[in-house]
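Once you've had a glance at the structure underneath, I'll fire off some questions.
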Amino acid sequence: MSQYRVLIDANDEKGLVHKISSVFFQNDLNILSNNEFVDKENNKFFMRSVVDGDIVLDKLYQSLCDVLPQNANVDVIAPKNKNIIIMATKEMHALGDILIRHEAGELEANILAVISNYSDLESLVSKFNIPFICISHEGLNREEHENKILKCLTEFEEIDYIVLAKYMRILTPKFVEVYENRIINIHHSFLPAFIGANPYKQAYERGVKIIGATSHFVNNNLDEGPIIAQEVIHVDHAYGWRDMQRSGKDVEKVVLSRALKLALEDRIFVYENKTVIFQG
Amino acid sequence: MSQYRVLIDANDEKGLVHKISSVFFQNDLNILSNNEFVDKENNKFFMRSVVDGDIVLDKLYQSLCDVLPQNANVDVIAPKNKNIIIMATKEMHALGDILIRHEAGELEANILAVISNYSDLESLVSKFNIPFICISHEGLNREEHENKILKCLTEFEEIDYIVLAKYMRILTPKFVEVYENRIINIHHSFLPAFIGANPYKQAYERGVKIIGATSHFVNNNLDEGPIIAQEVIHVDHAYGWRDMQRSGKDVEKVVLSRALKLALEDRIFVYENKTVIFQG
Amino acid sequence: MSQYRVLIDANDEKGLVHKISSVFFQNDLNILSNNEFVDKENNKFFMRSVVDGDIVLDKLYQSLCDVLPQNANVDVIAPKNKNIIIMATKEMHALGDILIRHEAGELEANILAVISNYSDLESLVSKFNIPFICISHEGLNREEHENKILKCLTEFEEIDYIVLAKYMRILTPKFVEVYENRIINIHHSFLPAFIGANPYKQAYERGVKIIGATSHFVNNNLDEGPIIAQEVIHVDHAYGWRDMQRSGKDVEKVVLSRALKLALEDRIFVYENKTVIFQG
Amino acid sequence: MSQYRVLIDANDEKGLVHKISSVFFQNDLNILSNNEFVDKENNKFFMRSVVDGDIVLDKLYQSLCDVLPQNANVDVIAPKNKNIIIMATKEMHALGDILIRHEAGELEANILAVISNYSDLESLVSKFNIPFICISHEGLNREEHENKILKCLTEFEEIDYIVLAKYMRILTPKFVEVYENRIINIHHSFLPAFIGANPYKQAYERGVKIIGATSHFVNNNLDEGPIIAQEVIHVDHAYGWRDMQRSGKDVEKVVLSRALKLALEDRIFVYENKTVIFQG
């Protein structure tokens, strides 16, 4: 008996659920969970099913393709740990939260390595027997630095996701396109408010009463990729920007870990610079 | 073209989605939205679909019954305003919120009347051209009072829901069983904490840091019916119990109106003293 | 025995609390509550005290001025209902919430009138025996329209606050400066995100997972005045922009009423385009 | 120049703020922050000030005692790392969160040791060079087991707080009274709902729509000590109790760490089985 996650998106038309559920039924598969969504504005159908039964992945995939329209995207996934690389700079909270979850067995992930442009985090990472790779940017221009990272990354096979756990440098389009929709960032503001540098200082200066954090896939416009998860906390006049920064860390780490978990469990569709996420 | 809400629950078995979606497909119905849930612990299947197409309600109902197992409950509903009675005592906030929403056209409901055991709310209700019926409990025992209310209710045809908008008297089993799973109450605590009288005072004395409100269907155990919606707010040591009461009103009215809306839109299944609610 | 709210702000220096509390002590006043805040970045001191005792307002005011530095702002207020004007356009929820609270006696306010550029809300407002004044903008340029409103406003004495309960027109600097820091607006986004027109549509298009509302004093930059209160709700991919708009209404009305209450209770200092708010 | 935290509680009477601020003023102390609260129901005054200046701790303490009534409790504290012992059983999330915060320098604490009745957590704790002490309860009755722990604790000097980071055994009155108001527990429910064993299962069976966690000081009634912090998350019908347990962990760790931080920063007064907490 195997368990599969089936992800399908297609232009919406009558009968899609019927066709898909027929395949499941004819192959004697049990539906463990089923989520659907139709974006009426764009006439787009999304479905994520978890099924189990006696069938091999390729056959299930082919059966689905046979009945679905040509424009459909079909993905049949056998759950297993995904390979991730974490990139960070100096802060410990977001990285630490992932390391503890990983240690506790909460994540469907193998952490292949942590890459940083500083060495500060080496002590923390090495406690967990995870390779720490320091690739300093000193003396290098942005392209040279990224080339060193890209080269390093090619030494790992099959990287599913790159997690930017407070990696404080902007990635170039060249880097981003290699890992399209596979780089997960945490931005320390409630996007689209306070794009760019030091959002807590911007928030403090604007006098907001709520601050937040946003996890998103990285695309080529700074902090404008598809949003995966957001969370906020209330603040008041007594918060200086450093207080916001301190309190914000708790939100940042929770939001990034939540987004990572959604990705690892194949719950996210990316579409029109947005995400469709099935949590149930 | 008609639009229907289809609600089905049944013992779970392979092929249910297939059978249901086949009926939709064969009748040339368009699925506007579809939600499913399988309670694996109890092996129970729930589904709510919104479909539109050229078919009459009875035929769709029959087609579904024909393919589904005998244990299945099938409900096919043509959306229309439901008839509700509101019962209240003296407080204005929960009732007022419903009246304003009704006035704004937000609710799929006709308010047949507001019934109270006091006359305080008459002035408010009569502004909205809704019948206000005062049935005082003075000089009556509980049974006599309820009999007067029950008699009054029989004068209205087809009451879909009775909304207890801070009606501060306990209903007897006799009353409750007449309107099983159709009486929606708001309790001013985060149930199951602080059942019974003056929950804000109880909350104050316990020194909690969060207070809440719970909307639930009424059954024969005080404050123990199936929960529909809950919400909370943060408080601190500076809140006396009257401050909690004052702040709590905002949560109470929001939660009750939310629960009412879910009921009016046929989004709630009641099952094993719990609710399955499809919000999407 | 009289009760006063004392609001003081001044450049911070040693001994301010000592000087102020000495005045209270020497005049045999009882401190019912006391809140202080020092903005260290700007070296600014804020204090709000509620005191009661046998003293007249003018004498208390003078005693405080006598001991405080010249740069101090002193305000001694005897709590009483403040006079407010509500401006709205067509939507009922924010206005309705204030009307119900007013009817329930929750607000320290007299509603002098509701002014609208349409007549849609007349039916609602007149239920509550509050004057409804329709000042249509049709056929008028912005200045002419505002002049008619300003003229109308001069007929009321002592307007403490103007509440924009979803008044969908932009006010000119000329209007704003007449009522500096006395116009309270509700903007239907989590500012500074989505300034300007149709923020729900902007939010939908950006694919955010949280939407919000912001109440602020109006200044001459659109949606950039001092923020008083903000609140958010979670949304997901299933929310079209009209769903966001519908759900957002519940946040809008709660936030606006909260901000109004803070203003009526003299809890807000405005300073450097921000607010210092003492809630306790 | 020294910085002190001054905590005072006393029966309320006119002039307390005046007397205290006079001491600060006469000793040329600068007030960095000041929080007051009067519990009118119990006529009790609370104040927490942070001051700096040229004075030794003992002299400041004496000066305050000289002017305050005999019933006053005065505490003058020079901020420094407090000594804490963490007790845990098998779960990693709450302990791990504290370890990472400690590693990041976020906590004003020295972690003297982690004590557990199992050895599971040794691997995690030893990564951080913190002593791990396994005191198994196997073959021992409750008293014998606690005596071994108590004996172990006496080997540490000056334990300020004992943090129960999901320590899954009940402490006896004898143990609790040794560390009165110094044992901080995390209970995995929104107290007072779901006291005792497996609160997530209780919550699941009740069908609640919100679950939570509560951090409190331990007293001799199970889960009934003074509450320090609470937080909640929304759930729905799709959450089995193990899903609640999984999601609840994120709340548990955040709430426990928040409570610990408040304790370490001397922000908590315990009074009448409640807490007065000054966060500002």
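Per-chain numbering from 1; labels A, B, C and D assigned in written order.
The working rule: a residue touches a chain if its C-beta (ideal position, glycine included) is under 8 Å from a C-beta of that chain, and two chains touch if they have at least 3 such contacts.
Please read all numbers here as calculations on a predicted model, not as lab measurements.
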### Message
Please tell me whether the contact surfaces of chain C and chain D are same or different in residue numbering, using the over-half criterion.
### Response
same
### Query
A-B or A-C: which has the larger count of contacting C-beta pairs?
A-C
### Query
Between chain A and chain B, what's the gap in Å when you average each chain's C-alpha atoms?
38
### Query
Taking each chain's centre as the mean position of its Cα atoms, how many Å separate chain A from chain C?
40
## Note on the structure
By the touch definition above, chain C meets two or more other chains at residues 37, 40, 238, 280
### Message
Give the list of chain D residues in touch with chain A in this complex.
### Response
91-93, 96-97, 99-101, 103-104, 106, 124, 127-128, 238, 246, 250, 254, 257, 280
## Note on the structure
The answer for chain C against chain D in the complex is residues 14-15, 17-18, 21-22, 24-25, 28-38, 40, 280
### Query
In the complex of these two chains, what residues of chain C are touching chain A?
37, 39-41, 190-194, 206-210, 212, 226-232, 236-238, 240, 272-277, 279
